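Heads up, there are several structures right after this.
The same subunit A turns up in both complexes below, where it pairs with subunit B and then with subunit C.
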Partner chain A sequence: MPVTQLSNAHYASLLEAKQSNLPGQDLDWLNRLRLQATKEFADGGFPSLRDEEWRYTNISPIEKKQFTLSDKAGDVDASFLKGILLDDCHHLVFVDGFYQAGLSSLDALPEGLVVSAISTGLAENEELIRSLFDSVVETPALGFINLNTALFTDGAVISIKEGVQVEKPIQLAFISSKDGALTVSNSRNLILAKSGSKASVIETYHGAEDTCYLTNVITEVVVEPNARLAHSRLQAESLQAYHVGGVYTRLDSNAIFKQYNYTFGATLSRCEVHAELGTASDCDLDGLFISQDQQHMDNHTRVNHAQPHAVSNEFYKGILNDKSKGVFQGRIVVAEDAQKTDAKMSNRNLLLSDRSEIDSKPQLEIYADDVKCAHGVTVGQLDDAAIFYLRSRGASEQMAKDMLTFAFANEMVERIKINPLKIKVLEELLKRLPQEGMKVEWL
Partner chain B sequence: MLKIEDLHVSVEGKEILRGINLEIGAGEVHAIMGPNGSGKSTLSYILAGREGYDITKGRVLFNGKDLLEMSVEERAWAGVFLAFQYPVEVPGVSNIYFLKAALNGIRKYEGLSELDAMDFIATVKGKMKELDMDEKFLYRAVNEGFSGGEKKRNEILQMSVLEPSLCVLDETDSGLDIDALQIVAEGVNRLRDPKRSFVLITHYQRLLDYIKPDFVHVLAHGKVVKSGGPELALELEEQGYAWVDEKKAS
Partner chain C sequence: MAASNENLKDMIGQEYKDGFVTDIESESFPPGLNEDTIRAISAKKDEPEFLLEWRLEAYRHWLTMEHPEWAFVEFPKIDFQEISYYSAPKSMADGPKSLDEVDPELISTYNKLGIPLEEQMRLAGVAVDAVFDSVSVATTFKDKLYEAGVIFCSFSEAVKEQPELIKQYLGTVVSQYDNFYAALNAAVFSDGSFVYIPKGVRCPMELSTYFRINAANTGQFERTLIIADEGSHVSYLEGCTAPMRDENQLHAAVVELVILKDAEIKYSTVQNWYPGDENGVGGIYNFVTKRAECREDNAKVSWTQVETGSAITWKYPSVVLKGDNSIGEFYSVALTNNYQQADTGTKMIHHGKNTSSTIISKGISAGHGQNTYRGLVKIGRKAEGARNYTQCDSLLMGDQCGAHTFPYIETKNPSATIEHEASTSKISEDQLFYCMQRGISAEDAVSMIVNGFCKEVFKELPMEFAVEAQALLGISLEGSVG
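Up next is the complex of A and B:
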């Protein structure tokens, strides 16, 4: 038997084994979904390079690792946690896939806001969860989605009431502990921004240093008419880890969705950001990824202009160093009815080493005739004239290169409106582009 | 301070500098004039250490050290400064950060500690005032979207913050109106010092009305064809550069 099938069999066996700590075992509708996902996974397994959507990302290391399931959260250092939680936010903390009430801070939640872990809020919010679950994620589901549905242990459920504006961002912090080594955590987040509401949600991913694990997460988002949701994602996993995740969003008419996607960690990562746009909705997808050593970072976006008059604006930047590899696949589909669509997509990449590599593939499928669509991809190196200029003023060669690389990245950081998140992203950036005496306020 | 001996430079097999000899003492101001394409900018880039040139012959000594052996930044640390004819735009890097990185690079080389942030900003703002530059330029990306004149002023600002010992100004006067020219010239004159030398590369004599050179050299076809005192600049102003070509022809 080929290795792939063997390993798929390993994951299939995880699904077969009865998991006593999965939430909602008494709910028929959920059990049915889990069962169906289990069956589909057993048939289809993980995606392979033969799948068009996966041809640049080989996930066989994940199959070979044969990650198991952890049955409880491991310990997390107080100082480690402190470095992860953002100031001035509400926090939900998940460790190894399990909600940790003791580490979270949900006091002082404003009126009109449901924020809960699925595990603890299932009884109270069953209808909400049921209405959102599997409502946006793509079907038929591929391997990782099935794995998630079948095995998710926890996640956040958020609902913002009509017209409510939530002041503080809500941070969902996903942490993998040392005890979570060689396990997979499957988390599922469900977010509903009701009509006219306004809120900001941040997902962050961190793990114990030098620990190998798999994060497999799905976030489903519904933004109702005239609501506005900002959604940020900071992936700063351990450099040995694997991360597969996705944000699947449906925008109703006149909804606004701003997605900011920052990728720094994991040895191999894949992130899907999908948005289905209703009439006259407005969707921004911003992304920045920085890869080093042998990291492999795959960003997949899909913007589906299903209705007329929607605007989408996508801008992803990549910085690739050493022997790392990046993938950007941006697909825009404009349906026949989606007249007056205005869709822009741009992907700019900086190759810092001649051994680094980027596969960038914009795909436009336009079935309407009265639309504005633009896309562009650039792959370049640092500007020699600028390096010379900086050095001629006394910056060392490395410093000059780091300054210019930093500047390239900083354009995306500047877009972050939430200051504590901005500082956190800058910290991750500076870890990779150290600049002596650099202070955030100099920028 | 600077000694250029029989310097020959080619680009892609084409010889651009064809045996330059020049000696510049501490505190002196030398003007280098010459028609377009005579090799003035090439000479300035060679001094600053830009890549892409073949130095086929000759040497350059800076305070007794082999300048051509030094990296670009080592030259800056040692006190060489080139005000570019075409200053480079550096998107995303603010002027203030750029200045600070540059100055700290130099201070580190000199074994000095980093400057205090507040002192530094105060110093820079003072110098900007002297150059009639708006403080908002501090927080704008280096040279990005600056007008020609603003870029030139920014070069002089950097020079006055970094306080180099050898200042090479490549056509800093071109593109400046008379008021700006005066401000820039005053900026340069403020920096004049018995320990600091200047090389003023210019096409026109008018800059020399404001900054008095001690020596004037005429560069043509990659060679210094004539050297003299300030009066030579006036001569050139009257006669133009036509005689240079005649000289070559004869």
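Up next is the complex of A and C:
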């Protein structure tokens, strides 16, 4: 039997084997969704290189590895956890796909903010969860979405009441432990920012070193009229891990959505950021990916201008070293009615080694005439004149290059408004782009 | 703006100027395609054995291929058994030796198109290898070109007289297995042009071919092969018009350019085939494979195209930059109006060191037109110092049309520098207002702005073509206000 068929059968069989372990098994509507997704997955399986959207990313290792579902959360070292949790945030911690109340800190939640894990909050928040679930994710579903719907074990559900401004950011920390080796954790996050509210959500992904696992996560976001949501994503998985993630957002009129996407980890990662824009809404998508060794990083974005007067701004930067490979695809779709749209997309890439590779696909699909759309892509290396300038000031060639590379990346880090997160991202940056004698504190 | 909208409708509603059918007894094959059809075509053209084998290989491979579905165009499924694969003006059987022997009706057809051969011989200094349906009926300036050592003749003639060149170069740029339509073309191509420019020769005149589709239900399968030997230079013009027809006609040509050391080819196209009526009925399907290979160092190729016709345009003139320091250029204006669809662009494939490429693409959509730019820039691992600059701009006129951009950028070399820019806009009220407050009518202002929009491409065209191209744009777009 070919690998794909074996793999389809394997992943589809997980539902039957593990159903008793999944949350919400007494809910008919959820069971129907899970069954439906399993069936679709069994037929369709994972995407292949022949799918236009996946032509640069080969996920056959995931098919061959045949990850299983873990039954419970493994142990996480306290010091490891300390390095992950951000100061001055509300925390939800998930280990191997299971919510860990003991590690989380959800006391002192302000009035009007609902934050809970799906597994523990399903009874209380069923209506909310049901209304959000599968409401933003785009169909026809892809293999990984089906897999997630069929098998998700947990995730966060967040709802911000009308007009409430949440001061502290909410961190969703997803951790894979050593015991989670060779398992897949499927998480599903649901976020609803009601009219006029304001909040900031941070997702972080970490894993035990040298452990191979698959993270398959979906976040569905609804931003109601005049609400404002900042969403950050730090992916620093183990270098042996696989990561497939998606952020699917719907913006109502005058809503504001700011997304910051930082990709550093995993041997193979793919991130989808999709946004559907309502009238006069405002959407920023920023991203930075730095790859080394044999890492493969794929960033896909899609901005759907469905209504008039919306503004979108997209800016992704990539730095590729060693034998790593990067992919960027951005797609802006402007519907017939979406007049006065203003959409911009920019992708800049820096190749540092002879063996690195970048494939970029910035796309515009426009059906309205009174619009302003532009995209730009550059691929290049460091500016010789800038290197010369630094060397004339006494920096060694290596030092000059390091400084310029760091500055190239730092532009994206500077955009972070939340200080603890900024420090964390800078730490990751310095790990990958070491600077002689430089310390995080100085920045 | 009401008045100018009226104007737009008037202008867009203009009848296709070059629509007429010449009544000539065609010697056509009945519709249908099988190995016998191919043998018959080959026999009819008295081809050597190797070419028949080559055609059959292509056909057998074509049978295993699926029709490509990825393009951003929609059209009903083509029944390849309903197409007649050979049609020759009957008087051709005797073979005209000079212009005097050419069927007078053909001559008058060209006169209607404004390209009287005898006039062109004297006036423009342009040699014309005119293709009337599938067989070349007249070749001019041959002697003069022979003096310079340039071979410019119909493909079938070249097969007879230069079989070794054909054998050496045919299918080396676009193989007979390359893609669905290229394979089909390889199997059934009827005729086309052949050009060989010998070492160090600068072709004394611009070479030009007028293509013309005439007999109903006859697919045109042209094959053009141009070889520029070391240090040579040639400029080649291709222009097309077609008579008005209600059935869709398929045109699947293949153009192969081989450029050797220090040589240069400039290939210009003005395509104005019948685009279908305002309801999208009829029109030509233009599915062409065009590719150039800069095989050796310092070679240069430049594609310039103005695509205003055809119901569907689906082509990507490409350049493979193998030689070091070789240069590829692509300049394009594509216009879609009514229900026209265009999915066009280019591929620049860099293998050699210090190779550079430039892509300038201008898309204009009006009516219900769908205009897509699709382009690939690929930098291979060994392409040290490769350089690409891409700019694709779209202009939208009217709220029913679409403009799409699908660039693919693949880089495997860190010393490569790639810049890509795209923008989409409409003619701004400010620009219009500025022109009009200077006393320029709305119509003239739009024409001025559109011509300005396309200027970067038009300036690459040879003089005669630039004039024709501007006129073509004018017919459909003057007076339109987005």
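In this text, the second predicted complex is superposed on the first by the 437 of 443 C-alpha atoms of A that agree within 3 Å, B and C clash if a C-alpha of one lies under 4 Å from a C-alpha of the other, contacts with A are read in each partner's own complex, and residues count from 1 in each chain.
Quick note on the criterion: a residue touches a chain if its C-beta (ideal position, glycine included) is under 8 Å from a C-beta of that chain, and two chains touch if they have at least 3 such contacts.
All of these numbers come straight from a predicted model, not from anything done at the bench.
Student: Once the shared chain is lined up, is A:351 touching subunit B (first), subunit C (second), both, or neither of them?
Tutor: Second partner only, subunit C.
Student: Just checking: does A:380 make contact with subunit B only, subunit C only, both, or neither of them? Give me first, second, both or neither.
Tutor: Only subunit C is touched by A:380; subunit B is not.
Student: Per the contact definition in the header, classify A:28: touching subunit B only (first), subunit C only (second), both, or neither.
Tutor: The answer is neither, since A:28 touches no partner chain.
Student: Is A:107 contacted by the first partner subunit B, the second partner subunit C, both or neither?
Tutor: Neither partner.
Student: Would you sort A:390 into first (subunit B), second (subunit C), both or neither based on which partner it touches?
Tutor: First partner only.
Student: Classify the contacts of A:371 with the two partner chains as first (subunit B alone), second (subunit C alone), both, or neither.
Tutor: Second partner only.
Student: Touching A:127 in the superposition: subunit B (first), subunit C (second), both, neither?
Tutor: In the superposition, A:127 touches no partner, neither subunit B nor subunit C.
Student: Which subunit A residues qualify as touching subunit B in the complex?
Tutor: Those in contact with subunit B are residues 383-386, 388-397, 399-400, 403-404, 406-408, 410-411, 435-437, 439, 442-443.
Student: Using the touch rule from the top, collect the residues of subunit B that touch subunit A in their complex.
Tutor: 48-51, 71-73, 75-77, 81-82, 84, 87-94, 96-98, 100-106, 109, 114, 117, 141, 158, 162
Student: Please give the residue numbers of subunit C that touch subunit A in the complex, ascending.
Tutor: Subunit C reaches subunit A through residues 70, 379, 381, 394, 396-426, 482.
Student: Mind pulling up the subunit A residues that touch subunit C in the complex?
Tutor: 52, 336, 339, 349, 351-381
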